[in-house]
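Written below as structure tokens is the structure these notes are about.
Naming follows writing order (A, B, C and D), and every chain is counted from residue 1.
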Amino acid sequence: MAPSSVPAATIARVAVIGATGYGGLQTLRLLHQHPQLQVTYLGGERSSGKRWRDLVPFLPLPGDPVVQSPDPEAIAAAADLAVLSLPNGLAAQLVPPLLERGVKVVDLSADYRYRSLSQWQEVYATEARQVPRSDTDLCQEAVYGLVEWAEERIRGARLVAAPGCFPTASLLGLLPFLQQGLIETRGIVIDAKTGTSGGGRAAKEHLLLAEASEAVAPYGVVGHRHTSEIEQLAGEAAGRAIQLQFTPHLMPMVRGLLATVYGRLRDPGLTADDCTTVLAAAYRHADCVEVLPVGTYPSTKWVRGTNRALISVQVDSRTGQLIVMSAVDNLIKGQAGQGVQCLNLMAGLPAATGLPLLPFYP
Amino acid sequence: MAPSSVPAATIARVAVIGATGYGGLQTLRLLHQHPQLQVTYLGGERSSGKRWRDLVPFLPLPGDPVVQSPDPEAIAAAADLAVLSLPNGLAAQLVPPLLERGVKVVDLSADYRYRSLSQWQEVYATEARQVPRSDTDLCQEAVYGLVEWAEERIRGARLVAAPGCFPTASLLGLLPFLQQGLIETRGIVIDAKTGTSGGGRAAKEHLLLAEASEAVAPYGVVGHRHTSEIEQLAGEAAGRAIQLQFTPHLMPMVRGLLATVYGRLRDPGLTADDCTTVLAAAYRHADCVEVLPVGTYPSTKWVRGTNRALISVQVDSRTGQLIVMSAVDNLIKGQAGQGVQCLNLMAGLPAATGLPLLPFYP
Amino acid sequence: MAPSSVPAATIARVAVIGATGYGGLQTLRLLHQHPQLQVTYLGGERSSGKRWRDLVPFLPLPGDPVVQSPDPEAIAAAADLAVLSLPNGLAAQLVPPLLERGVKVVDLSADYRYRSLSQWQEVYATEARQVPRSDTDLCQEAVYGLVEWAEERIRGARLVAAPGCFPTASLLGLLPFLQQGLIETRGIVIDAKTGTSGGGRAAKEHLLLAEASEAVAPYGVVGHRHTSEIEQLAGEAAGRAIQLQFTPHLMPMVRGLLATVYGRLRDPGLTADDCTTVLAAAYRHADCVEVLPVGTYPSTKWVRGTNRALISVQVDSRTGQLIVMSAVDNLIKGQAGQGVQCLNLMAGLPAATGLPLLPFYP
Amino acid sequence: MAPSSVPAATIARVAVIGATGYGGLQTLRLLHQHPQLQVTYLGGERSSGKRWRDLVPFLPLPGDPVVQSPDPEAIAAAADLAVLSLPNGLAAQLVPPLLERGVKVVDLSADYRYRSLSQWQEVYATEARQVPRSDTDLCQEAVYGLVEWAEERIRGARLVAAPGCFPTASLLGLLPFLQQGLIETRGIVIDAKTGTSGGGRAAKEHLLLAEASEAVAPYGVVGHRHTSEIEQLAGEAAGRAIQLQFTPHLMPMVRGLLATVYGRLRDPGLTADDCTTVLAAAYRHADCVEVLPVGTYPSTKWVRGTNRALISVQVDSRTGQLIVMSAVDNLIKGQAGQGVQCLNLMAGLPAATGLPLLPFYP
């Protein structure tokens, strides 16, 4: 996968565990064209023992590997880094033995997104009942992998929890204003819209095309799990606890996620230009975040198939509201692509290495 | 169109002007199965002189009529009532001569939605420059046709302005709470989502399937024309001027509109059950509005092809936010179906007469 | 459901068994607006004992009935006619006891579509292994419910097998030409396209929106079960056995089915006008089939939500090919609507009674 | 755009003319990640003089260039190669002056796809009336750029006519069998399905999402322009004139194209395995064509965003029919990607250089 012109010494070996779900498929596809990361282990539970080609005929891999069971010993022998794309609760069983064997881990599940294990057990109560956990220290050690806000810490991390798709889009838009104290911490509303691939590849009635096409509907109103994840990070940026309103909506499309964030400006004299400047400053060095000019609003289509977030801001001088609009591809910048950003940093590479930033439009 | 079992005396004659746009097509389709309203005049500007069948092969009409130019004299000779589905600014030229000739009018455009002509001229500045108007009195006389909130006035009206699609969904959810003073009048946020048919049938690049499919994006952020329309009615219900945030988003689907409305409860002790009771009371006698039980959220698919609005409410006791979710078919309850409700009332019939209320699912 | 203006004596009572699948939902929705058929029994296996409203909040039924288990005795006590919308193999277990108790049946499954039980057992081998059957006589008695070609026989039938969706569209286009011997019986190609609702409501990975949207693919190439069903009827019309090529394709849409049928003209001098005349003559008295003028090709959108089939024909004088294009709504004319047509006939009513023929466009 | 690790000497300079249409956008996106081709001239008619960023905010280019008018002198000064993505008829005006100045051209239009100018004038009669042409010799000189069948000739060409999207998918499936004389040359049927992006970016009513979504319909039945293009190449491969049936259908999706090709086997004993072997042999050295195993059928989704064609074959031993299914991304392998393949060859590079072959699924 890595062209021969790149010195072998700088190629890191990556294990992808949970390869046939959407997170795993994106990771494999992204690494396929990566110049310095190479997939050397393909692991899966249900698909263990099967030829890759029989499972995924549309994404041939060199040598058509057989999917392995996720054995820590074997993974450690084959890889320096691992990406886990497993159901919530399962990752926490594989992470400790991997870390013990010196494998650095990027976990795409929610298992290490909370600094407090007990909060995870509260929010993910169903999973917590099935999976006994006592890795309080790993919860504290894990770095929340919102790359543009934790680049240095990710670079030195053993364990990174890749953020959820909704938190990624929401926080990228929200954090610059919270950190600088430009908006009220009360009354924040996040109205989010996601494509159905966010619901995963397992067959569920409400995600059938016949059900989800030509349909827009809210779900998880009040209390969706990503609320607490967003609040944790928002609170850290603001320096005080934050409670906000987060409402996800299911969109009749495959991929793409838009967060429309409403907050009240502390200084009603701030203009959209001012706020755009704030955003642009925050992301000046971020290759994967682009701030749009005032009046240009992001479409999820503009980021489809890319690891880029597009953010735009508008201000209503009548109401004092700030509106931040943030679009990502839920499966790339919202999941696997951000995971690869983390891998890059952990392997000593620039964060955006090998990641697609421009869409094939339309 | 009207079955012979209905007494001839109760059949009202209806002219449909602007028949080949989406508003006109819905009106014709709805009246096609109506027991007591009969289309007796088909008018259009561009399509004048053409056989209906050549224009719309998929919606055959009895006798395959020729489209007429919208001549007031001819309309008055043929019809008791008229539905105008014309571009903004054009309706205002046809309405006065129709009213003079005794034809009652339901106008689907924005021309008579504002009590004040000058406000219309401000909000619809482009159209106002092209079309000189001085019908201040008609603006004041016109009844805003949000049926569930103006049934008696519509029944006696000569001229009804059918509400816009976004105002219909938003106001149905918002008015009960404003009228009873249950939410703060400041800080209201309406995040709305519409199918692309809301943009009309004229060819525009951004509404192409290749552009709008697999895409979600905001537009008209701050200052969309429907903001002032919503604020006018919201203010009347609240008894004081209201300024709110309205942000429309374009959805990758043909039809359907969802308004997610956020407001702050005055009494933080109110529960979702309480608020559902408030809604249910407000719409107890409304055949075309249904309040869903707590925890069941409306999908636009559930109202597709119907004149029904589905409303659900949720409360976040942590933040004190009320979330009202309101779904309509933008072309029926959001436009032509509500127009037919108005026609029904003006013809002395129950509002829901002849209107479809249940969807063909999926 | 039936308005009071209709004499009670002419209202037939209908049981709908398998009510929450797509076939059942369509049937209920169609009967909801039917003037002379009334649903008096709602049966289901998995949903038995549950309130309708909890199962299907978007399609309220009068009195919010509880779903019953499909008990023949209870069905016979409540209904004159029954529509079965059950998985293949299960209908054959319920039909005999219903017929014995005097209930006439329209079966939407494939169980009685073949005159020969052994052919059914061959084509539906999986089901046949699970369900032992010996109702050879019922297979012979059952009338194949392609309404426009069996109206008189359906009128007198106890048991009607509603045709499959693909056979309906294909045969309506093909039979007039076969019956009159206008095309070769060898080399017929049917290239068919269906929306994903044809795959039913049970959750399957390949029918997820994320999988099926933005995707077009063939399936069941050579040997799809509907091939033999089409061949049986085509052979009867032609008076000789026919083997043809049938290839279904899955479309990224909810509902709609188009069959593009290719056949070689026996007389190469026949024009598209001639062939349109043949079609028009065949369907002169068919309310639910419309033949389009030459050069106007049917879109599935034009029949969406209706019980109408639209057929158009073109001829290539260079190659001698006849191309017949036939569009239906797979869930209505292709399934439940045709079922209601059959019910109508069995109840002594005109076939199209109460059925929608015009779409809500777009 | 080309990384510094590539020797400067091997970088070819490319002009893209007609940059804001779908063909131009794909070309730019593909060249953006190309290691050895660099865009050095951006030309357009309507967009001339405008900053790129204002035209296409979602696809930023280095230096945010201004679009130039397509002046041959300026193009020749800046570029070695040119890709023309212009309306039919316009390319033929720009090609001669470019060739005279030593610029090699890949033309994405139909202007040079026919060896005979008079045939072009017949098939593209409308354009021919508007644009007088006398470049008979260029029509004969131009190489038809179906890469897998003309690699050597393209390598030495000054002028390449990139094939149409339908011909690409159809011919890749058909040519191996015609060339080896395995199927009858009479009675071939090509039933093709395309996403709406094939209709281009100009706004047209029938391509609106509201019109084209939830709709499948044939168009151009008998006599579509691509028929003659396919027949020309098919005839050359077969060694005799061929007349076949080609029927395109519009699909409710953005991009992707499937051709289902039906032909009669000369030797009825040939199996699907045999035919797969024939295909595999034909494309043994083709990086951009993959033959699927028997029983695995291509989905357009599997090639979305790639330059790969997926082909599968099935045989019906009963009817003697061969069914070849061929899927491409209409805008990449069906248009701009194949254009880049041609550029690669003309620049002395392997055909697949820099082209994406694997999809981001789903």
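Methods note: a contact is a pair of C-beta atoms (placed from the backbone, for glycine too) under 8 Å apart; a residue touches a chain by one contact, two chains touch by 3 or more.
Since the model is a prediction, treat every value here as computed from it, not as a measurement.
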item	value
Higher-contact pair (C-beta pairs counted), A-B versus B-C	A-B
Chain of greatest Cα-centre distance to chain B	D
Gap in Å, rounded to a whole number, between the CA centres of chain B and chain A	40
Centroid distance [mean C-alpha coordinates] between chain C and chain B, Å	36
Shared interface positions of chain A, touching two or more other chains	22, 195, 197, 201, 210-211, 213-214, 252-255, 299, 301, 362
In the complex, chain C residues that touch chain B	5, 22, 25-26, 29, 32-33, 57-60, 197, 201, 213-214, 254-255, 290, 292-293, 296, 299, 301-303, 305, 310, 331-332, 356, 358-362
Touching residues (chain side chain C, partner chain A) in the complex	22, 195-197, 199, 201-205, 207-214, 252-255
Chain B - residues contacting chain A, complex	186-187, 189, 191, 193, 195, 210-211, 213-219, 221-223, 243-245, 247, 249, 251-256, 258, 260, 262, 264, 297-301, 304, 314-316, 318-319, 321, 323, 325, 327, 362
